[in-house]
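Two complexes are shown next, each including chain A; its partner changes from chain B in the first to chain C in the second.
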Partner chain A sequence: MSLLQEEREIILSNEHVDNFDFAEVEEFVKNANKELFISHHFAQKKKMLVQPRGGFPTYKKQFALNEFFVNANVDVLPLTIDSNTRLNDYATAKKMLRLSEESEVDMLNGYPLVNHGYRTTRKMVTHFNKPVSLRHGTPDARLLIETAIASGIFEIEGGPITYLLPYSKNFPLDKAFLYWKYVEKVCANYSKLNLPINRESFGPLTATLVPPAITIVIQLLEMLLSLEEGVKSFSVSFSQTGSMNQDIVMGHVIRKMAKKYAESINCGDATINLVYHQWMGAFPTNKDFAEQLINMSTVIASMVGADKIITKTREEASGIPTKEANAKTVANTQYTLGILNGLPNIVDEEEEEILTLEVEAIMEAVFNDPADTLWRKVFNSIKNGTIDVPFSPHIINHNEMITIRDANKNIRIIKRGNVPIPDRCFEYEKSKCDLTKDTTSIVNDIIHDIGIMQ
Partner chain B sequence: MKVVTGVVGNDIHVVANRLIELSLDARGYEVFNLGVNTYLEEFFDAAVETGADILLISSLNGEAEGWAREVKLLKSKYKTLDDLVMVIGGNLVVGTADADVIVPKYKNYGFDLVFHQVDLNTGLDTLEEFIKERQAS
Partner chain C sequence: MSQNKLLIDIGSTNFKVATPTNIEQHFRDFNKDIHDDLMYKCGDTINSFDKDDVYICSSANGGLSTLIIGLTESYSLKYAKNIAFNSGINIIETILYQNIEDYSLPSDLIDVVIVVGGINSKGGIFGKPLYNYLENLKYSNIVYVGSELEAEELAKNIEHLVVLPNIIDNKLHIIEENLKEYLTNLYQADIEGKEDIKSLYDITTNQIYSTPYIVNKTLPLIDANFSVVDPFILIDIGGATTDIHYSKDLVDENIVTENEYDRLVFKKLGVYKSKESLIFAAQNNEFTYELLTHLKVTENIFEESSEKALKVLMQLALFLVLTKMSHYKQAYVNLKLLAINSIVLTGGITKVLNDDEVADIISFFYKKILNSDHNPTVVMDKNYKIWTLANKG
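Moving on to the complex of A and B:
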């Protein structure tokens, strides 16, 4: 038995898992309907796929949510996992699920997939016959991913960096890399049986003034770590920055570089998709304005040429959105996409050049780390501040980089910390900002700049 | 002056915490930022370790009260913290409540200054005045 298989057996013998039948699952994946694979829909490329967010604790409510979505013409169904499962606390999830089932109150903020089990969940997934995207935020997602694939979920979001730096204070980063390596291997192995299982990175990160260069570098690195293990379908992603020009530049650069770096490790045969997240920052409390902001996101996603868009709702500022609000936003986004045709092709050569140079310089610094494997190089680079995510709560993150918006709302780096932003690019970034202000005024600007709607 | 700061409890909201650090830094304080997800014991340990003058606790998710109830008891276990200026700020209740109700409640828990939904600079200005008055007396 291989080491991986030994590890799988141990993970799946968890007391909260109802006897896992490897042979039966393999047979299921082999014969699974192509409609369940997002990679199949990407390959057909008829239009930009629309995917909302959403997850409820009970099977009944999750089923009802999916029904709503299907009626609203959704392309990809979401399955958001509850926060106890994210922390591998299946016992609490189980208790809360029982409480949710017995009362009318939801005691979990998502679907506890491991507790429901794959036999039950598969009934729902195959009933709707739409691709499902697993959204969770789990550093150790090994059991969760095994259960997801066995359920017919062939789109797995996350990664060792993007599901850790924005969501955790002190989960060990080296462990996260190793646990995600397992996930990649399992996805790669199952991909050989039928169509590829798609892996998607989480580009929004902290969703707070993250400069494009940092987002792109992290997307590229998670992509490389995944392709290295044999994954053949990967989605890089980013969220609306607040500047239309910066989004478009970012879209061009991330596509170009993803291809280049995939080829550099002889993985040019893998399919790389681009996913765009509607505005992920603080939302206006005025619901009509929120709707305008969402609509704007859809227009930008079209200009960027995204393969998939992930939606937000007009209720975002006031708490967890209802299924009705979620369905409405799917229908509205589909409508906007339907009337957006023949968009102009915009190129900003100077911005593209600057961003490309920044990304290349950081990537080079990561590759030049003396460690023996890519994940160790990346680990060291986060540890020494070569990669620095503004507003990450994690203790390993340096938090030395400072960014603000310029007059055109572009996110600019005004303090680079240990991030190897080339001098020429750094001068360019700073030249766009008013740096004569004192720190207190700059802090006030940052508070203002976190939003884009003021 | 030395300040220990951080976000109390199982609260991962880091943006304000980062801005507090920048602002304190700009005002010339020596800042020890414990970041998010910090337990009361960690705050007091850090205050002892650094010899801090001020402890500035923040909270956003509304759960601070559950933690603040134990402040007096816990602080009394540390012998060197009698002069520590205790400050709490952020969003200090689940749901909504008036500052008239919240401020006395938290003062009773052992805080010298309580900022419920108060703007960052106003809070820090008030802190500076408080310290000035204390030094004068």
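Moving on to the complex of A and C:
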């Protein structure tokens, strides 16, 4: 038995897992309907895929949510996991699931997949026969991913950096890399049985003034870590930044660079998709404004040429969106996409050149780290501040980089910390901002810029 | 293990000698000097190796004792405790400076006192209450690793104070290297100061390290020889101490350090040299008598010195150390024991208990203390292979 298989057996012998049958799961994946694979839909691409967010604790409510989505013409169904499961606390998730079932009040903020088990969840997934995307935020997702794939969920979001730095304060980053390595291997192995299982990175990060260069570098690195384990379908992603121009430039650069770096490790045969997230920052409390913002995101996604868009709802500022609000946003986004034809191809060569130089410089610094494996190079780069995510709560993140918006709402770097932004680019970034102000005014600007769409 | 190395571990009750092909262990003869005992039992093996190829580690003296005085539980005390544990030091007391007047003085001689508190821009922290306390305390060494604004004043008032850089930086991150090096050197000096250990330099030209330091180094390599799935804990139950090394994703309050693993030592949970304190701890645990019933023995077993009694003591030590790591008993850290995939056991326990006996105690613990059927896999390092892994390459 291989070491990986031994490890899988120990992980799946968890008391909350109901008798995992490897052979049966393999047989299921082998014969699974192609409609369940998002990689199939990407390959057959006729239009941008629309995927909402959403997850309820009970099977009944999750089923009802999916029914609503299907009626609203959704392309990809979401399955958002509850936060107890995200922290591997299956015992509490179990208790809260029971209370939710008994009281009709939702005691969890998502679907506790491990507790429901793959046999139950598979019934729902195969009933709707649409691709399902697993949304979670778990540093140690080994058990969750095994359960998801066995359930028929063939798209897995997340990664060791993007699911850690925005969400966690203390979880060790080196462990996260190793646990995600397991996930990549499992996805790669299952991909050999039928169509590829798609892995998707989480580009929004903290969704707070993250400069495009940092987002792209992290997307590229998670992509490389995944491809080197044998994954054949990967989605890089980013979210609306607040500047239409910056989004379009980012879309061009990320596509170009993803292809280049995938080829550099002889993985040019893998399919790389682009995913765009509607606005991930603070939402306007005025629901009409929220709808305008969502609509603007959809237009930008079209201009970027995204393969998939992930939606938000008009209720975002006031609590957990209802299934009706979720369905409405899917229908509206589909409508907007349907009427967006013949968009102009916008190019900002100077911005593209600056961003490309920044990304290349950081990537080079990561590759030059003396460690013997890529994950260890990336780990060291985060630890020493070569990669620095603004506003990350994690103790390993340097938080030395400072960003601000310029007059055109572009996110600019005004303090680079240890991030190797080339001098020429740094001067360019700073030249776009008014830095003659006193420190208090700059701090106030940053606070204002965080909530730009309010 | 690489070719041509002889590895020796001197424990409080046993010593182990590992050649590239074989590991042997011997019960120590306490009427003899360690060197003489070792040469008597393994002289031929030792003589067949060059002195440059002999590597020795030791936990024979049980480590240094420390007392830490800090400003806050969540930063200065927590950081200093973490560094001390990972340097092989045993913490006997931690004191919150604000309440220093309420603490009683330990009667034992303290090997090293650590004073810590504040970030470097903070001054006016320590004063008379600290000097008064130290005046009455018996200690051999004292080190200051807090705010640099305090250093001069403290050095003026405390004799032989060693001042090192602050272990807390301005972003409240831990800076461990300086204190760790100081404590490790102190530990080395202590080991070397012991006549018994000093004489071992007759057979090696290499530095003698503490055993916990060596074991901690081996943890990232452990899966090369054992089917261990992260997150895991390693428990080393020996004659004098019980050490627990744990994967850091098992704690909520993690600190960024060079190591992926942390260590805790329970100085009074051994089954030979600290047998009395183990029994004392057991008698104060409300589950012990249920455990004894489960094992089909009575408390009279504590009076016996038989093979059966030794087994029971080992089982108690295992149960107590797991209990101390759980939310049932607040220790330095509480581990997320329900998230553990593997429990690795090394040390004397693997020679006394078989796999079933260990599994029985672990399942008893999970059921009684955590109300759970969780069942981590148990890996037994029966041949003391773990401590040899650090010398790989």
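Going forward, the second predicted complex is superposed on the first by the 453 of 454 C-alpha atoms of A that agree within 3 Å, B and C clash if a C-alpha of one lies under 4 Å from a C-alpha of the other, contacts with A are read in each partner's own complex, and residues count from 1 in each chain.
One rule holds for everything that comes next: a residue touches a chain if its C-beta (ideal position, glycine included) is under 8 Å from a C-beta of that chain, and two chains touch if they have at least 3 such contacts.
Being a predicted model, the structure only gives us computed values, none of them experimental.
By the document's definition of touching, both partners, chain B and chain C, reach A:I395. In the superposition on chain A, A:L178 contacts chain C only, with no contact to chain B.
Shared-chain residue A:N198: touches no atom of chain B or chain C.
By the touch criterion defined above, A:N66 reaches neither chain B nor chain C. In the superposition on chain A, A:T440 contacts chain B only, with no contact to chain C. When the two complexes are overlaid on their common chain A, residue A:N14 makes contact with chain C while staying clear of chain B. In the superposition on chain A, the residues of chain A contacted by chain B and by chain C overlap at 170, 395, 399. For chain A in complex with chain C, the residues that touch the partner chain are 3, 6-7, 10-11, 13-15, 88-89, 91, 139-140, 170-172, 174-175, 178-179, 383, 395-396, 399.
Considering their complex, residues 167-170, 206, 208, 390-393, 395, 399, 402, 438-440, 442-444, 446-447, 450 of chain A touch chain B. Within the complex formed with chain A, the chain B residues making contact are 12, 14-15, 17-19, 22-23, 25-27, 35-37, 120-121. Against chain A, the residues of chain C that register as touching in their complex are 171, 173, 223, 227, 229-231, 247-249, 251-256, 260, 336, 338-339, 341-342, 372-375, 377.
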